[in-house]
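Multiple structures are listed underneath, in structure tokens.
Common to both upcoming complexes is subunit A, partnered first by subunit B, then by subunit C.
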Partner chain A sequence: MTNPKSPAGQFTLLYFAAASSFTKRTSENFSAPVRAADLFQLLEGKYPGMGDKVLSSCAVTVNLEYIDLDGDDAADGDLMIKAGDEVAIIPPVSSG
Partner chain B sequence: MADPSLEAAASQDLTPSSQPMFRSEPSIHVELTHSHLDVLATMARVKSPKAGAVVLFAGTTRDSFQDLEVKHLAYEAYAPLALNTLLNIARSVKITHALTSIAIIHRLGTVPIGEESILIAVAAPHRQAAWRAGEEALEETKKRAEIWKLEQFVGAEGVWRANRDGCMGEKVEDGNLGGR
Partner chain C sequence: MALSLPIESTIKSLRYQIASCEAQLQDLRHQLADAENRAHWHTIPFESLSHDMIGGVPGDIQTEFLAVLSQNGERRRYAKAWPLEKHEYKRYGRQLIMPEVGLQGQLRLKTSSVLVVGVGGLGCPAAAYLAGAGVGKIGLVDGDTVEESNLHRQILHSTGRVGMTKVESATVSLTQLNPTGEYLAYSSRLTPDTAIEIFQSYDLILDCTDNPASRYLISDTCVLLGKPLVSASALRTEGQLMVLNSPPRPPGDILGGPCYRCIFPKPPPAESVVSCGDGGILGPVVGVMGVLQALEAIKIITRGIQHPDLICHIDIDKPRFQTNNEMPPNPPEPPSLLLFSAYSNPPFRSIRLRSRKSKCASCSAQAIVTREALTSGSLDYVQFCGIVSPVEALSVSERISVDNYARIRTGTNPITGTEARSDSHTLIDVREKVQFDLCNLEGSINIPFSVVSRTSVFVKGNSAKDVGEEEWVTKMRGLPEKKPIFVICRLGNDSQLAVGKMKELGLDCGGRRWVGDVKGGLKAWRDYVDPEFPEY
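On to the complex of A and B.
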């Protein structure tokens, strides 16, 4: 699945709830490819403090599928985020 | 101080208006909507002559959280993913409890105090299955659906809630992120 909103060579990152409050954005484009395991580091570089305050409790989806980045031998540690991908930071949910 | 831009952010759902926010298959309906929730229409959706029991849960916005007065709530969703999750929950609960039908509908955007934010309707041949299915559908939705609640307090900043710990989430006032 590709995301029509991404400019050529870029992927789209979506922010929700605490992640959008912290970045003051709801979405942002980044140059692809990026190793999924390096995504949080990339964001901490751009938004200092985001790692501890927000990302540590968040999950990540790529094209509507959750990816596993937990630990050094995480299942999706080597996954590459490609141009056109829709990636999202998923904070702890609170429906109802 | 209340930040209007955050309330606006909480009202958006990142779904193009051309994309309907529901998924339907036989005897299953899940939906996200910015409109008022309609209890009778939702109940009518699951009723059938085969079902002797209909259980309807209505989640209504409360006016306080830990003694703080809540002005209103606002919900945002990652709509395409939340609909996938709600559909999976509905399918699973329907099979587990042998339901004849199930509907899960969640409201987005600003929800004034006292109005419904979620409706879950289940129909089954007998009441025990319907009660249990209704509870399971609600608990799974609260645990998993990619929907977030912003509590806007009277005279204070908004707070994103997290269901999993029952605690206040992150405050959203500038310079006070991560405060409890």
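On to the complex of A and C.
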């Protein structure tokens, strides 16, 4: 995986572990801005089934900072993902 | 099967006995060294010792010793003149001369106790470095025995100890590495009824396990008992590392570090959890994560794990550190999640985590995870994380045993009654390509399950062309109707799901073509038909 700079008007989404296996990608660019709470819906639209199978248990970070998207009243639901941001989908890895 | 032969069991038993004797011998050597060391000191009159101390040791070092000794409440050691054994200065010399460790750090390591839960790819390197660094007591929890497929990454085990319990095998290795430590083996899987009792006698816990249920159980127990937790995991080429519940404040105290539930409140769906056995793991990837766990543990211990409350009062202690020319202890680091992705650039990413979640089920003021709930069994971790029941997706008539399938390949077809011919049927192997390339049955066609499962089934009425049917589906449609299709995989689960999908896609030609799976997959093939087929 490389860390491509996102093109103008877009943000970069990084997929780790199960998210990477599901999408068969390690990163992808999306048009900004996107409300953080709408991110999962955007991905479910592009990758049907991803919501239940992967995203429901994932941590999400924006520019290397954890954001809280747990539940309908999530603390960071209204946060706007801007152009140039690096967002990561981090599923829990439990094996070892 | 092979293991039940008398000769095999004799070999196993002898290996076990040899290892036990080796461990015993090591222990005796250690006791002897200890006794000799004591005898040496007994021959020197105490007066000359204290004279040496006054005359030969610089005052500031003496002050430092006294400070360290009184701080650890071990004044009786003063009679021995040196706070560490002679051999310990030598053994730990390379880390002792570092300001991050120093004498005080080494004494803290020596009096500390660490519990390593899981003695596999993470636990082996973690325990090895902790034992090497001089951690006084290391507990090892694991219910498994050593298997040959563990050895590429589980570095405390060895070829000669295959079949031995992992905790026994690790104890032998650790004792050889550093006989000064005390190693305690708990040879069963961690459960909610045993967790609190085991954790109680340790200062710090390392989560080196391999499943979500254990991760939540360990985190909850650490919060309840106020123990810091170093948690790591690894799969394929990636790893994760977190220091949790550090500082280990009581539930509801926002100054405490977040717990596992704060970061991952919901477990992944059970059917999506991939083990190292199924997904694969690169030895150095999991090794790196285990080594990093040991590093975090050493940082926490040398900073002063026994008195986590003192961390906030560094300023009060400052003058003493200055007089001793010792660096002030490093303040605890803010919580972070370290991601390691071996094939990415950059390979490491450190994520800043938040403090405790205000609604956390375990460490917040609203916690529902209590000691009572844990010990009474009302917190069902297995239920919480979901159970994957064996796949029973097909009816009896849609399945064939490996014995019968073998006859189709070499004798008379039990379904059609025709003599075996290589082109009498189609065999589809749905393992991923890399596994298919390792070994496969002659004449089989590889269509990976990942490709099959993501293929969408379109609503009737849409012609295949309009919606762009996948190539493999088109190819299979083109096969003659009279030839049955057999689907095989590694263990016999994916093959059933693949058959279901193929029927949904209409590949059974409305029932005119038999499509079914080979029960038990290539494992059954090896067990009952061809023992030479490779096991991996």
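Following the convention adopted for this analysis, the second predicted complex is superposed on the first by the 89 of 96 C-alpha atoms of A that agree within 3 Å, B and C clash if a C-alpha of one lies under 4 Å from a C-alpha of the other, contacts with A are read in each partner's own complex, and residues count from 1 in each chain.
Quick note on the criterion: a residue touches a chain if its C-beta (ideal position, glycine included) is under 8 Å from a C-beta of that chain, and two chains touch if they have at least 3 such contacts.
On a predicted model such as this, the values are computed, not experimentally measured, just so you know.
**Student:** Are subunit B and subunit C a fit on subunit A, or do they clash, once the structures share the same frame?
**Tutor:** On the shared subunit A, the partners clash.
**Student:** Is A:54 touching anything from subunit B or subunit C once the two structures are fitted on A? First, second, both or neither.
**Tutor:** both
**Student:** Return first, second, both or neither, reflecting whether A:83 touches subunit B, subunit C, both chains, or no partner chain.
**Tutor:** neither
**Student:** Considering only the touch criterion stated at the top, classify A:74 as touching first (subunit B), second (subunit C), both, or neither.
**Tutor:** In the superposed model, A:74 contacts neither subunit B nor subunit C.
**Student:** Once chain A of both complexes is superposed, is A:42 in touch with subunit B (first), subunit C (second), both, or neither?
**Tutor:** Neither: A:42 stays clear of subunit B and subunit C.
**Student:** Under the stated touch criterion, which partner chain does A:26 make contact with: subunit B (first), subunit C (second), both, or neither?
**Tutor:** So A:26 meets both subunit B and subunit C here.
**Student:** Touching A:92, do we find subunit B (first), subunit C (second), both, or neither?
**Tutor:** Both partners, subunit B and subunit C.
**Student:** Based on the superposition described at the top, state which of 61-69, 295-303, 439-447 or 511-519 belonging to subunit C clashes with subunit B.
**Tutor:** After superposing on chain A, the clashing stretch of subunit C is 295-303.
**Student:** Shared contact residues on subunit A, subunit B side and subunit C side combined as an intersection?
**Tutor:** On subunit A, the overlap between the subunit B and subunit C contacts is residues 16-18, 21, 26, 52-54, 57, 61, 64, 88, 90-96.
**Student:** Given the complex with subunit B, which residues does subunit A contribute to the contact?
**Tutor:** Within the complex, subunit A touches subunit B at residues 14, 16-18, 20-22, 24, 26-27, 49, 52-54, 57, 61, 64, 88, 90-96.
**Student:** In their shared complex, at which residues does subunit A touch subunit C?
**Tutor:** 1-3, 16-18, 21, 26, 48, 52-54, 56-57, 59, 61, 64-66, 68, 70-71, 88, 90-96
**Student:** For the complex, which residues does subunit B have touching subunit A?
**Tutor:** Against subunit A, the touching part of subunit B is residues 5-6, 9, 12, 14, 59, 75-78, 80-82, 84, 106, 117-118, 138, 141-150, 160-165, 169-170, 172, 177-178.
**Student:** Any idea which subunit C residues touch subunit A in the complex?
**Tutor:** Its residues touching subunit A are 118, 120-123, 208-212, 215, 232-236, 238-240, 263-269, 272-276, 279, 281, 286, 289, 337, 339, 341, 343-346, 349-354, 357, 359, 456.
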